[in-house]
Amino acid sequence: MKNQPISGNDLARFSGPQSFMRLPQLESAAGLDVGFIGIPMDIGTSWRSGTRMGPKQLREQSAMIRPYNIQTGAAPFDALQCADLGDVAINTFNLSDTIRIITETYAAHLKHDFIPMTLGGDHTLTLPVLRAIAAKHGPVALVHVDAHADVNDEMFGERETHGTVFRRAYEEGLITADKVFQIGLRGTGYTADDFTEAAGWGFNQYLAPELWHKSLTPLAAAIKAKIGDQPCYISYDIDSLDPAYAPGTGTPEIGGLTTAQAMELIRGLRGLNIVGCDLVEVSPPYDPSGNTALTGANLMFEMLSILPGVPYR
Amino acid sequence: MKNQPISGNDLARFSGPQSFMRLPQLESAAGLDVGFIGIPMDIGTSWRSGTRMGPKQLREQSAMIRPYNIQTGAAPFDALQCADLGDVAINTFNLSDTIRIITETYAAHLKHDFIPMTLGGDHTLTLPVLRAIAAKHGPVALVHVDAHADVNDEMFGERETHGTVFRRAYEEGLITADKVFQIGLRGTGYTADDFTEAAGWGFNQYLAPELWHKSLTPLAAAIKAKIGDQPCYISYDIDSLDPAYAPGTGTPEIGGLTTAQAMELIRGLRGLNIVGCDLVEVSPPYDPSGNTALTGANLMFEMLSILPGVPYR
Amino acid sequence: MKNQPISGNDLARFSGPQSFMRLPQLESAAGLDVGFIGIPMDIGTSWRSGTRMGPKQLREQSAMIRPYNIQTGAAPFDALQCADLGDVAINTFNLSDTIRIITETYAAHLKHDFIPMTLGGDHTLTLPVLRAIAAKHGPVALVHVDAHADVNDEMFGERETHGTVFRRAYEEGLITADKVFQIGLRGTGYTADDFTEAAGWGFNQYLAPELWHKSLTPLAAAIKAKIGDQPCYISYDIDSLDPAYAPGTGTPEIGGLTTAQAMELIRGLRGLNIVGCDLVEVSPPYDPSGNTALTGANLMFEMLSILPGVPYR
Amino acid sequence: MKNQPISGNDLARFSGPQSFMRLPQLESAAGLDVGFIGIPMDIGTSWRSGTRMGPKQLREQSAMIRPYNIQTGAAPFDALQCADLGDVAINTFNLSDTIRIITETYAAHLKHDFIPMTLGGDHTLTLPVLRAIAAKHGPVALVHVDAHADVNDEMFGERETHGTVFRRAYEEGLITADKVFQIGLRGTGYTADDFTEAAGWGFNQYLAPELWHKSLTPLAAAIKAKIGDQPCYISYDIDSLDPAYAPGTGTPEIGGLTTAQAMELIRGLRGLNIVGCDLVEVSPPYDPSGNTALTGANLMFEMLSILPGVPYR
Amino acid sequence: MKNQPISGNDLARFSGPQSFMRLPQLESAAGLDVGFIGIPMDIGTSWRSGTRMGPKQLREQSAMIRPYNIQTGAAPFDALQCADLGDVAINTFNLSDTIRIITETYAAHLKHDFIPMTLGGDHTLTLPVLRAIAAKHGPVALVHVDAHADVNDEMFGERETHGTVFRRAYEEGLITADKVFQIGLRGTGYTADDFTEAAGWGFNQYLAPELWHKSLTPLAAAIKAKIGDQPCYISYDIDSLDPAYAPGTGTPEIGGLTTAQAMELIRGLRGLNIVGCDLVEVSPPYDPSGNTALTGANLMFEMLSILPGVPYR
Amino acid sequence: MKNQPISGNDLARFSGPQSFMRLPQLESAAGLDVGFIGIPMDIGTSWRSGTRMGPKQLREQSAMIRPYNIQTGAAPFDALQCADLGDVAINTFNLSDTIRIITETYAAHLKHDFIPMTLGGDHTLTLPVLRAIAAKHGPVALVHVDAHADVNDEMFGERETHGTVFRRAYEEGLITADKVFQIGLRGTGYTADDFTEAAGWGFNQYLAPELWHKSLTPLAAAIKAKIGDQPCYISYDIDSLDPAYAPGTGTPEIGGLTTAQAMELIRGLRGLNIVGCDLVEVSPPYDPSGNTALTGANLMFEMLSILPGVPYR
């Protein structure tokens, strides 16, 4: 039998190890299908900090999640061997060094064939993760759910921050531009072409106002059709959600997605050849109740539920 | 003239007695049509505690509610004699003793013909309340709004907790199984049949994803038609709402109802032969702003507004 | 070139002056097209206080807004000369004296031809602002977004409070009654005609339940058509939003607007002859995260984006 | 037997009526020795508001206090008939009218011979209370514990605010100047004689730095000796305490008293002919934990414990 | 070399396992000198709940503690083999069953010769822990630091709660009455002999007022002399501290100890034959900043620093 | 007349510009005696972040400070020309670049003869500030109040962080080692010589336990005598205070100073030839009440009050 989360009927949910869903904690990905990895950083953020505490709070809140997805029938732990691989040992005083460490750590882990599911941390982390992913799988399709396109060229002269990730990934050929889907974009910008330049590269952008009052199930279907069976990465920035649903984040933008839409979107992507996922930008000091992290942990579970090989009951 | 809430034009809303809607506080239900009763308990909860402070905060926030329901025209205080009957004197160290006390207290109150409206407190309380209700009225139809079905068989070997209420009620014949409506179910479970066994008993279950993006007015109409004139109980777990709308609760689940949907549902049930209501699982420490309790207090007022005999202007 | 907000790429968003959008701070409106003015008051509130800290927090959170409205293409700072005119020097111990001071301050400012955009403060302030506006422009059309109609006759014997504003404005001829649009009304009242008397004067009222689950774009179009080119004032009470979206306010009412709806409404009003706007009732102590103020600041920016003369890219 | 607080062994502390110490709630002071009265106001405050919620939170937290003062042996409820007289029906929109209402309400109550113990509310309330007290008892000695002397002449042209109370009381002859003791003064001022003018009237002032690191028992003894048997009023501003001990207040000043010193001071005043007490400036929004109010409620109980006639066991 | 906490220079303090001081997590005490054990319960509390989250937050905050006690020179990890033994699998719905489970779990662990250091949880847990301790070591001397004597006979008819612990321990002969030292007692009571009956049994009680403004070093020396080399247990209730120092607890009482005094007391007990320690009553929902838990974790480290065998540098 | 803070009697304290004490905001130090400068950074912190918001909250809370120091008689604005010079335009993504920018900015400002008073920001900033200070004044005496010695050699391989400041300053000859006074040291360390190596360089260290229960006036006198008239810098880390007094900081350590002691210390240093001061490590997200920042702002004012040339009344 595969690793199972500790049951809330065996050990009260407010106790036990603080691993993701109270899974076993391992050092190596050998033998795993899925590994949860924390990257506790916030030095790539431009406004409110605090995401360094994100992995801790995501794991704490994940204790409430039971193993079976009642709404969809997914039973990920019946077939996938899952564990928590702990945190990347970042250098909290040096962003570029941290980026280097992340790539190296993921490259080492990815000698094993497993799917890394990353608990952030600020969005900068997706760049070094994609470098390791692309080194293994080649350029990937990308589903990027976010209030922001994160395609700035530089910020204060720095080329690798939480706001420049996907321009760098494009330039470096880590992603297949016309298989990039950016969903939930909104907020304000510096010029009229803050977003549109990326559209010129081939990025498919879905601004929030197009999505208001609607189910995202059709959008998910369309995206799935376009991506086909190319290896695909999902990067989920919690600020794609409206601040009503995810107040605990660093750069909230009003008019965002609902959690219902987020779940419709993820559930609709079932069948993709997913090779990695992340959930970023949960900032615990701005939501001490833990509800934002609870939301993030549940979305992580939804992504787990659509991985290749998950049986449905 | 019937008892009236103290008007905010006579005494500032932030002052006066802390009874529900600043109604008179009585010891006995004699002569009442409706009595508000607090059950300040949280020892039946499995994750975050704090609902023992729920009745206090519900009453505090209810001070903002005025007597006339502008949106529907309901004028409950024109026709119903209402009062606050205070709190049940529970034993906070002993769950099973508390359950016994609740049933006895309600049985004593129900020697008078009035409708008890209960301010919780964790959901465990609905079981002993239903025992007293069924003793008076026979098995009741049930509208149960909740993220959770609360039909576990046992938790840590205990058969009466906030997660087992409606299995026990079914087994004991307190409720009419095919007139049970569970609305808003979602979250995760231990097995594929966590919910479906109850469906086998006859329970009608409405999972949250079926309800997203929709008015609940048609659902309410359908439920009302099926229940007919059987005595009916409404049990409203605040966690049926999305955590964006009700962050202050013990076991929040994402993807829930909006308050608009909650009001559509309750308003659509007008005409039922309601014999009791409760509003449970408000946990003040997780929402010090009081907004979750304000929401709960308003939903209580909406339930009051559809009781038999309420005139509409 | 017109005044520009300090760019987040020149000076980190968490630094710099605390003016609205980090615009220049001026004493006089001479030469301006738009002036942001704070009125830090809460002595006109009936339930929770704290809006005296509103202008501070609105300005603090406005630092996150960039100058270009990506969703609509509006580029207000390309054409309009904007600045922050600081706070009105109110008398915090005396409501009637404060009302006098506001009118006089606005009258003095309005010797210059500019559009005042007011950061509140409790809703009482709209009355003295309208007095100054009407003295310059004559009676105005009014778009009033609020959970409350604010048409009480008096409260504790006082005729000028946050709950009586629009009755006084009507009586004094500051507004054109049949061009008044009250949007988002809900909550509870003292009598069946709490709202309907104002309907008799000609006010157009849109209760929240009519607006649930819907885009407000059609409503905006209808309002715009009715107002035509009459000078128009927009008064935006943050409590028009659901408490999920705006928890930090003094008299929250459940079942309110979403921020998406608020933006649809404002964007749909583009083309009106707007002569003033306000954003009121943000109460920072009830949302220390700052998200309610962030929402308010963004709605202010949306109103700025539809002012006459704003170019769209 | 006299009225007793509801015992925590009869009814859990988190339930029951929200009166002070869960005493009976009465309308009239007839037959009482002591009456607790709330004055829920904050419109006399100059910086942070919120004290309008003070009486509510003081009563809520008082539920934790048991009837017997273990540290001193005082047993106030063995001899004194106590009750909660509810809140004064202030006009929250008009400070001067509120001041009038307070005096009239107290004057009416004081037709009965009892000691009013006031739960504030901002410090402005002490002026109208003293007017009623002096009308009955003549000029009183005053023990005034506060970070501030509250002897401004006016603020924004207003002569009756929370910062002018004791100048007005002096001018009106409500207090005996050389029997006024101001304890804990500190903070900053506008001129060198902000405090010293009052010293010229005869006020005895004890600045905080003189009191650091010391027991206040000797000071209390000295004050008691000087006051003798003149009727005496104690006005306790919670901001006399250091913000570490009382964070939830409107105008905190660092370097204040400890709660140990506050208790030493009050206990040392036993034997005075106390005719009234107040506890003011608790602002709940700035301490949602309730600990500041808990502190205030305990200091109120300490003052109760030294009233004339209290037996010691 | 013995187990070492993960260094903050190897892995950022905000990452890594959530064990106490990031020590290894083990199932068995075999080979250990010291084992940290969590008991996540709050169903024995009488006022505010929330201590069920205590062990989690104590561990989270303990990540900031480095291995060497700079102020005293203690180097516990140089000589003692330490690990985290996880949480006791309590039954959160049944207090008496939980008490049984705790005793059995500790009895099983204590087949190994190690010192259990317990992270609470409410104070009820000390009774079952003492049962296991006394079964191994015989009656113990007790240093009990607390605002409350916890010697009630029963509460709501229950004989085993957080308020009755030391009466039961006395009756059962688990502790040597004249070697019991209760330090920091204060607050209020039901009768004059709430505390004094225990004094009659031989308990040595030190009320808070005796300790104000003083170093506790002399008291510690006196206690140490009286206890001699009898096996000794330290039970540290965080509410012994003043709420200024430990706001996050269930039954705070003003006028308590400072953390300086707490450290003086513990440091002064070095040399005792300590066989167990606990730190109880940290309630995270009432201090989301984590500072109360940080204080508790540091006091735990101070107790660790005085265990037999700890070298001093 | 010199620049004066805006009076709270001219403009309500909750309004007006958000400069330090509402002083004029200038770009250049020309003509100033004292300039307040913000350095909004937190990327040099090792545990909790958030100090990037420090300067904002320090300025906001400084609005409560009046110009005259009642307790000491200091009247700094009578003689010193003071202004707020805004924030340093740091690069929030790059610590070493930020350090470079700070030195350059201060070097440019210090072409004028004025005293920079820095609002932090994390403690890293003191290193680049000292570089600029020493370039102008030569090596300085240092009064360093802190829980931590900040003399690590490196952290994660980085040599310039908030934990290495004073080792670097010593190595670079920016400070005169035997005129360095480190006050309030405590907490835990990695080895026995974490602090003592610095003692070997000549640093004078005062651990917290030596200071408990004592006035710091004698210590200040001793320090002043040893420093004599050498140019002196004061670096005040808010975590020198006990977390009870300053909860909003990144690396709190229990058993710290009281604010009374902090004021005794600063006041006792009057007469030193102070050439610069800073107040660092206020982290607003961990104290949303603002009280920690209020404390910091008051300590800044105390430092201002002892600058050369300040008259005393």
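In order of appearance the chains are A, B, C, D, E and F, and numbering begins at 1 in each one.
Throughout what follows, a residue touches a chain if its C-beta (ideal position, glycine included) is under 8 Å from a C-beta of that chain, and two chains touch if they have at least 3 such contacts.
Protein identities per chain, from UniProt: A, B, C, D, E, F = Guanidinobutyrase.
Since the model is a prediction, treat every value here as computed from it, not as a measurement.
Going by the contact rule set out at the top, which chains touch both chain E and chain F?
In this structure, the chains that contact chain F and also chain E are A, D.
Could the interface between the copies chain D and chain E be described as same, meaning over half of its residue numbers are common to both, or is it different?
Result for this pair: different.
More than half of A-F's contact pairs recur, by residue number, in one of A-B, B-E or E-F. Which one?
Having compared contact pairs by residue number, the answer is B-E.
Averaging only over C-alpha atoms, locate the centres of chain B and chain C and give their separation in whole Å.
The separation of the two C-alpha centroids amounts to 37 Å.
Just give me the whole-number Å value for how far the CA centre of chain C lies from that of chain F.
Distance between chain centres, rounded to whole Å: 40 Å.
How many angstrom between the C-alpha centroids of chain F and chain B?
55
At least two partner chains per residue is the criterion; list those residues in chain C.
Touching at least two other chains: 12, 14, 46, 48, 52-53, 92, 155-156, 213, 242, 244, 286.
Considering only which chains touch which, label the overall pattern as line, ring, star, complete or other.
Its topology fits none of the listed shapes; call it other.
Between which chains is there touch?
So the chains that touch one another pair up as A-B, A-C, A-E, A-F, B-C, B-D, B-E, C-D, C-F, D-E, D-F, E-F.
Would you pull the chain C residues touching chain F in the complex into a rising list?
Going through chain C, the ones touching chain F are 10-12, 14-18, 25, 38, 40, 52-53, 55-56, 59-60, 86-90, 92, 288.
Using the touch definition from the top, list the residues of chain B that touch chain C in their complex.
Answer in residue numbers: 7-9, 12-14, 64-71, 73, 75, 213-215, 242, 244-245, 258-260, 263-264, 289, 291, 294-295, 298-299, 301, 313.
Of all residues in chain E, which touch chain D in the complex?
Going by the criterion above, the answer is residues 46-48, 155-156, 185-192, 194-195, 207-209, 212-213, 242-244, 247-248, 251-255, 286-287.
Using the touch definition from the top, list the residues of chain A that touch chain F in their complex.
Against chain F, chain A makes touches at 42-46, 48-50, 52-53, 91-97, 155-158, 161, 285-286.
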